Each structure stands twice: as structure tokens, then as C-alpha cells.
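Note that the chains take the letters A, B, C, D, E and F in the order they are written out, and that residue 1 is the start of every chain.
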Amino acid sequence: MKLHILNRSPASSQVPAQALSAMGPEDRLLLIEDGVQGALPALIHHYAAIPGRLYALREDLVARGLIGRCDGTVQVVDVDGFVTLTEEAEQTLSWY
Amino acid sequence: MRYGILLLGAPYSDQASHSALRFARALLARGHRLEAVFFYHDGVYNAARLAAPPQDEPHLVDGWATLHAEHGVALQVCIAAALRRGLLDEREAARHGKAGHSVEAPFELTGVGQLIDLGQRCDRLVTFGP
Amino acid sequence: MHDVTAPTAGDLLVILRHSPHGSSWLREGLDAALVGAAFGQRVHLLFMGEGVTALVEGQQAGALGQKGTAPTLEMLEMYDIETLWVEAQALARFGLSPADLMLDPVPLSADALARAVATHPLVLTF
Amino acid sequence: MHDVTAPTAGDLLVILRHSPHGSSWLREGLDAALVGAAFGQRVHLLFMGEGVTALVEGQQAGALGQKGTAPTLEMLEMYDIETLWVEAQALARFGLSPADLMLDPVPLSADALARAVATHPLVLTF
Amino acid sequence: MKLHILNRSPASSQVPAQALSAMGPEDRLLLIEDGVQGALPALIHHYAAIPGRLYALREDLVARGLIGRCDGTVQVVDVDGFVTLTEEAEQTLSWY
Amino acid sequence: MRYGILLLGAPYSDQASHSALRFARALLARGHRLEAVFFYHDGVYNAARLAAPPQDEPHLVDGWATLHAEHGVALQVCIAAALRRGLLDEREAARHGKAGHSVEAPFELTGVGQLIDLGQRCDRLVTFGP
């Protein structure tokens, strides 16, 4: 199981689609930086293919005023949780 | 676990450097070891010794130096990416006949081989891109 | 908040297309707008694409203390930058409504957006 | 040129997602791949998205004499980098066919692409 | 009439759509750098709304091996033609 | 006509600087005047005096300096963008207590006001972004 780290928004970039196409059936996806926009209910459909494997970084949601606006299916983790996700995965890939 | 970080974004231009520094501190706080940060592409600009950010913004160059001082994290800067971007230590400046230098310890200019080595020797290599 | 069909002409239109915190584009675009206004130009702002997220209410400093751009936006009125436009289509894409936004910007339809660009002799995109 | 269903495992997969000339990403990604191979690793390359345009036949130096990356690609075999994969979906999006490409890369379907990523302990994206 | 200058590809970016949405009925669009990918027949449909007003920079097509692969509706100009386009327009806007 | 150029991309990282230099030469060859190039965002990295690109690549810093020498083109670098990125001339280095400098003439550190002025005074302002 690999952890994919994504910092681009599906509203303006094809990079999220690249990340999804490279993901295996157990892989997880963590949204960071501008990527956390993807946690908005209006954009969450881009991640319909990976139920239960989508995470978003709390600190980046908070800074952007998006922490209270996330879709309920997104698992919000802080930077310690980010480290934990990297521990649990056998390796990480970044999409930017 | 042993971690490495690959940083590809310029400081202040995008969030990559801030994200990498935040992640580095968090993994160290959890008891992991951070072997090295490898600066590549525009990430090499993090080594600019003359950086003078406004006082109400984080000083990233100092932030990296502190990681080195307190946790022995190697700060490895890709030499090929650095030279064309104007980042030279004293030795490279002399070799290129330039007066002055823009990179100094604890940052070290090194080859891409160090990145490959880092990938082999660490349990996790985490990339932060622009 | 209401649509306009004839955007006001001005001297300088600054188009902001990036999110807060993710890069310095937004801050540097705003700096150009503020300086233009300080030079006495009639400056208008258009938040487009991801730039609409700059207007979301409740932003805070970044994890390492980065200020972000919301404090700068609060100062726009002091610089006599009063016309803030926002791309209606982008708002819809992000699922944002007027109640989610600070500063009461005016949404522009696609047609109005092109007319706003046309009526400014100088347009800077950030 | 033929599709594969079970991509070969290797030590390092370098994913190249950028065009030649437009940025230094492609050159810097290739440098990492070449050095990995020189260190004795089994290195595989995947051209994805805009990266597929790196393989277009007939590239030349840039207007100010910039070398581009085609000469580096010609050297890959000398470094024992023999497996070149290309995202089939991206090729289709650009309307490129095998006859348009240099170096005879192997197209990967979406499924095969994900499997190629899974079988490498280290993946670098550029 | 303004000249819009675009350096991103419609294959991977929303920026071309932004440029199009800001164009007036007489405005022209010049593709440069990675933007010249948009001159490929497979991507030209993105510019169907501006017939006769689409240009692409020869030097950037040549460097990328795309000069012989352009759609016939694209007007190819060299860097002198680029300067001429800026002379003829009242102002330029860049999309990147 | 009178032209101005706004350059926003770092040298060697993307094509913007090459495109801008090529366009500058072409407009001068056609008899236009180029008042100034304003370097902003990562464009300020074009002013790095220590840049040492490989000999088979264009030397952009020298390219800009030549435009200044032969055509009197002002090379204006946004000071706020430059300081946080480690680009200081001797005066700013002294002011910030740093030994050495990374920017020198004909590049000049200046405010964003010069960009606004350039936009007002030129017939055409052409932006090259990353």
C-alpha cells in the first residue's frame, strides 16, 4: 500500500486525475496545500473511486477557511497524522 | 524509521518549503530520524544564504539550519541545479572565477547520486513539489 | 451581491487566479493592485478560477505562521479599491455562495467578464 | 510497440510528466534516472500526461540554442535503461501514434500503469 | 482588440479555458511555449470558438517537433510575427 | 513604439526567461524601444550575479546585461520579491547586516511602483509567466 500526496486542486488541474490513475486498489490519497480544495462537497466527486481512502490535512484546511466546509467522507488528519500515514504506507508518491 | 525529504519548490514562491519543514519537524518529534533533505529543481533556492524575509514571515533558511544543528539532518543541494541558478559555495565560486558566494554550510553542494543513495538507504522518501 | 451587465471602466484590472497560502501569486498580485491605487489609478480586481477561494470567510495564518492574504484584502477599501469582481462560474464550480465570502464581491457572468477585460487599457494576470 | 499486462518490476520508477523545452522538469527527471542507472539500479521510465510529447520525433534546439532533452533520450540505452513506458490514454489525447515517436516505447493501459507503480519500491515523479 | 498570449496546454490545464473566457469578439490568441500543443489536430477543438484568430509561434513548434503536425486552421508566426501581433493589438494579456 | 516587459519566471526552471529575451531582441530589431524589463515573482532570480550555467546553454544574466549595454534597457528587480529570495545588492546587504551581495548593476532593486509606471508610460506591456 502506497501513500499518494497531492497538492493540486481538481478544479483547475489534471494532476489529481494523474494521481488517481496511478493508485492501486489499497493505496491512500492525502490532500495537502491547494489540494485540500478537493475536500469541498462540490469537488468531492472527483474522488468517488477511492471511498474510505481519502485524507486531507487539517492545518491546510484551517488556513484556507475550509475546515468547516469539508465533505463528510473525507478523513481529516493533522501533520502528526500525515507522519502516521507515511509510517503505515510502504512508500509515498507525490503529485504536484 | 529513517526518512529522507526531496524538496523541489522555491521558498516563498509556493508552499512546498513550508510543508516540508513542517513535516520534518513532525517526524522528528515522533522519534523518527531524518537523514537528509535533498534540494533539487527550484528547491535549491532554499540554500540562498542572503535570504532576508520580512520579520513576520518564517525564515526558511534558518529553519533548515536549525534542523541540521539540532538533529544532524544533512542539507544536500544538487550542484547542477544550483550552479545555473546562481547558488555557489566558496569552492565553486573560485572554480568559476566569481567573487563572493551564495551558499554556505550547513548546506552542501552535491550530486544527484546523493538523492539516489537517500532513496536506497531510507525507509521513506517524501517529496514536496511546487 | 448582484450581477452587473456593464462593468465599470478603470485604468488597471488585476486578475487573481491563485489560492491563498499555496503560493505567493495572490500576495504579489495584490501588492501590484495596492501600489497602482496608491499611484492614483482606478484599480479593479477580478477573482477568477481558484482565485475565488481567496475570498472565503474564516481564513487563518498558516502552520508556520504565514500571514496569508486575508488581512491585505481587508485593507483594500482604505486604498479606494472598492470594485471587487468574482467569476460566477468559478464560484459555482467550488460550490461557494455569497454567504461564504468576505467583502461582498460582485459576481460576473462569462459575458460580463470578457467586457470587464475589454474596458481596461491595462490588465495584469497573476 | 505492444501493450503489456504485467509490467516488469524494478528498483526505481521515474515518472516524467512535462514537455520538452517548456521547463527543466524533464531534464532534471532524466538526470535522476541516469544517475540511478549509473548506480546499478534497475530504472524504468514512464512518460505520462504532457510527458508523452518528449518522445515526439524531430525535436530541435530551442530558439536561443537550448539543447532540449531528445539528445539525452538517445543515450538511455547506453545506460541500460531499456524499458520505456508511455501512458496510452495520454497518447490518444494528443492524437499521437507509435509512428510519431522515437525509441519505440511500450504503451500502458490505465490498469497496467497502476500495476507498474505498485511493483517499484521507489517512484519519483517529475 | 487585445492579444492574449497563452503558454499552457489544453491537454493538462484549465488556463486555456480561462483565456478563452476573457477574450472579446475581436481578440486574438497566440500559443507559445507548451501552449503550442494546442495546435495539434487532436486538441484544436478547444479553440473552435475563435475561428481565424488563433496563432502559434513557429520557433516553439519547431523545437518540439510539432511544426509539421499542426492543424491547418492555425496561423503560424515567427517571433517577428509575434512582435507584429503586439503592434496590431491595443494591449496584451498573458495566461500562464 | 515603447515596450515594457514583465518577467515572472525563474531562469532555467521554465521557458519564460528565454521567451522574454527572444521577444526583447526581436522588438528591438524591428526598431521599437524597450524601456525596461521588470522582474517580479520568480523572475527576480534572473538577476543572480553568480549564475554559472553550462557553457552549451544560453547565459541569461549576461543576455539581460547585454540588452542594457547596447540598448539602454533598464533592468528593474522588485525589491520585496528579491529580498525574501536572497537577492540583495551591496546596499541592501549592508542594511540587513549580511556580508556579500548577489545582485549588481545593471540590475537595480526597485519598488512595484516602477511596474505601474512602466504600464502607464509604455504603449505595450508584455508579460512572460512561468
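Just so we're on the same page, a residue touches a chain if its C-beta (ideal position, glycine included) is under 8 Å from a C-beta of that chain, and two chains touch if they have at least 3 such contacts.
For reference, the UniProt names are A, E = tRNA 5-methylaminomethyl-2-thiouridine synthase subunit TusB; B, F = tRNA 5-methylaminomethyl-2-thiouridine synthase subunit TusD; C, D = tRNA 5-methylaminomethyl-2-thiouridine synthase subunit TusC.
The shown structure was predicted, so the numbers you read here are calculated from the model rather than taken from an experiment.
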{"item": "Graph separation of chain A and chain D (steps between touching chains)", "value": "1"}
{"item": "Partner chains shared by chain C and chain E (touch criterion as defined above)", "value": "A, F"}
{"item": "Chain E against chain A, contact positions shared by both copies (same if over half, else different)", "value": "same"}
{"item": "CA centroid of chain A to CA centroid of chain E, Å", "value": "34"}
{"item": "Centroid spacing, where centroids are CA-atom means, of chain B and chain F in whole angstrom", "value": "26"}
{"item": "Centre-of-Cα separation between chain E and chain B, whole angstrom", "value": "38"}
{"item": "Where chain A touches two or more other chains, by residue", "value": "7, 11-12, 14, 33-34, 59, 79, 91, 93-96"}
{"item": "Two or more partner chains touched - positions in chain C", "value": "21-24, 49, 62-63, 66, 122, 125"}
{"item": "Chain F, residues touching no fewer than two other chains", "value": "12-15, 22, 41, 57, 125, 127, 129-130"}
{"item": "All touching chain pairs, where touch follows the definition stated at the start", "value": "A-B, A-C, A-D, A-E, B-C, B-D, B-F, C-E, C-F, D-E, D-F, E-F"}
{"item": "Chain D to chain F touching residues, read off their complex", "value": "21-24, 62-67"}
{"item": "In the complex with chain D, residue positions of chain E that touch it", "value": "7, 9, 11-12, 33-34, 37, 40-43, 59-60, 62-66, 68-69, 79"}
{"item": "List of chain A residues in touch with chain D within their complex", "value": "2, 14, 18, 21-24, 90-91, 93-96"}
{"item": "Touching residues on chain C, where the partner in the complex is chain F", "value": "12, 24-25, 28, 31-32, 35-36, 38-39, 41, 122, 124-125"}
{"item": "Residue numbers on chain A that touch chain B, as the complex places them", "value": "5, 7, 32-34, 59, 79-80, 82-83, 86-87, 89, 91-96"}
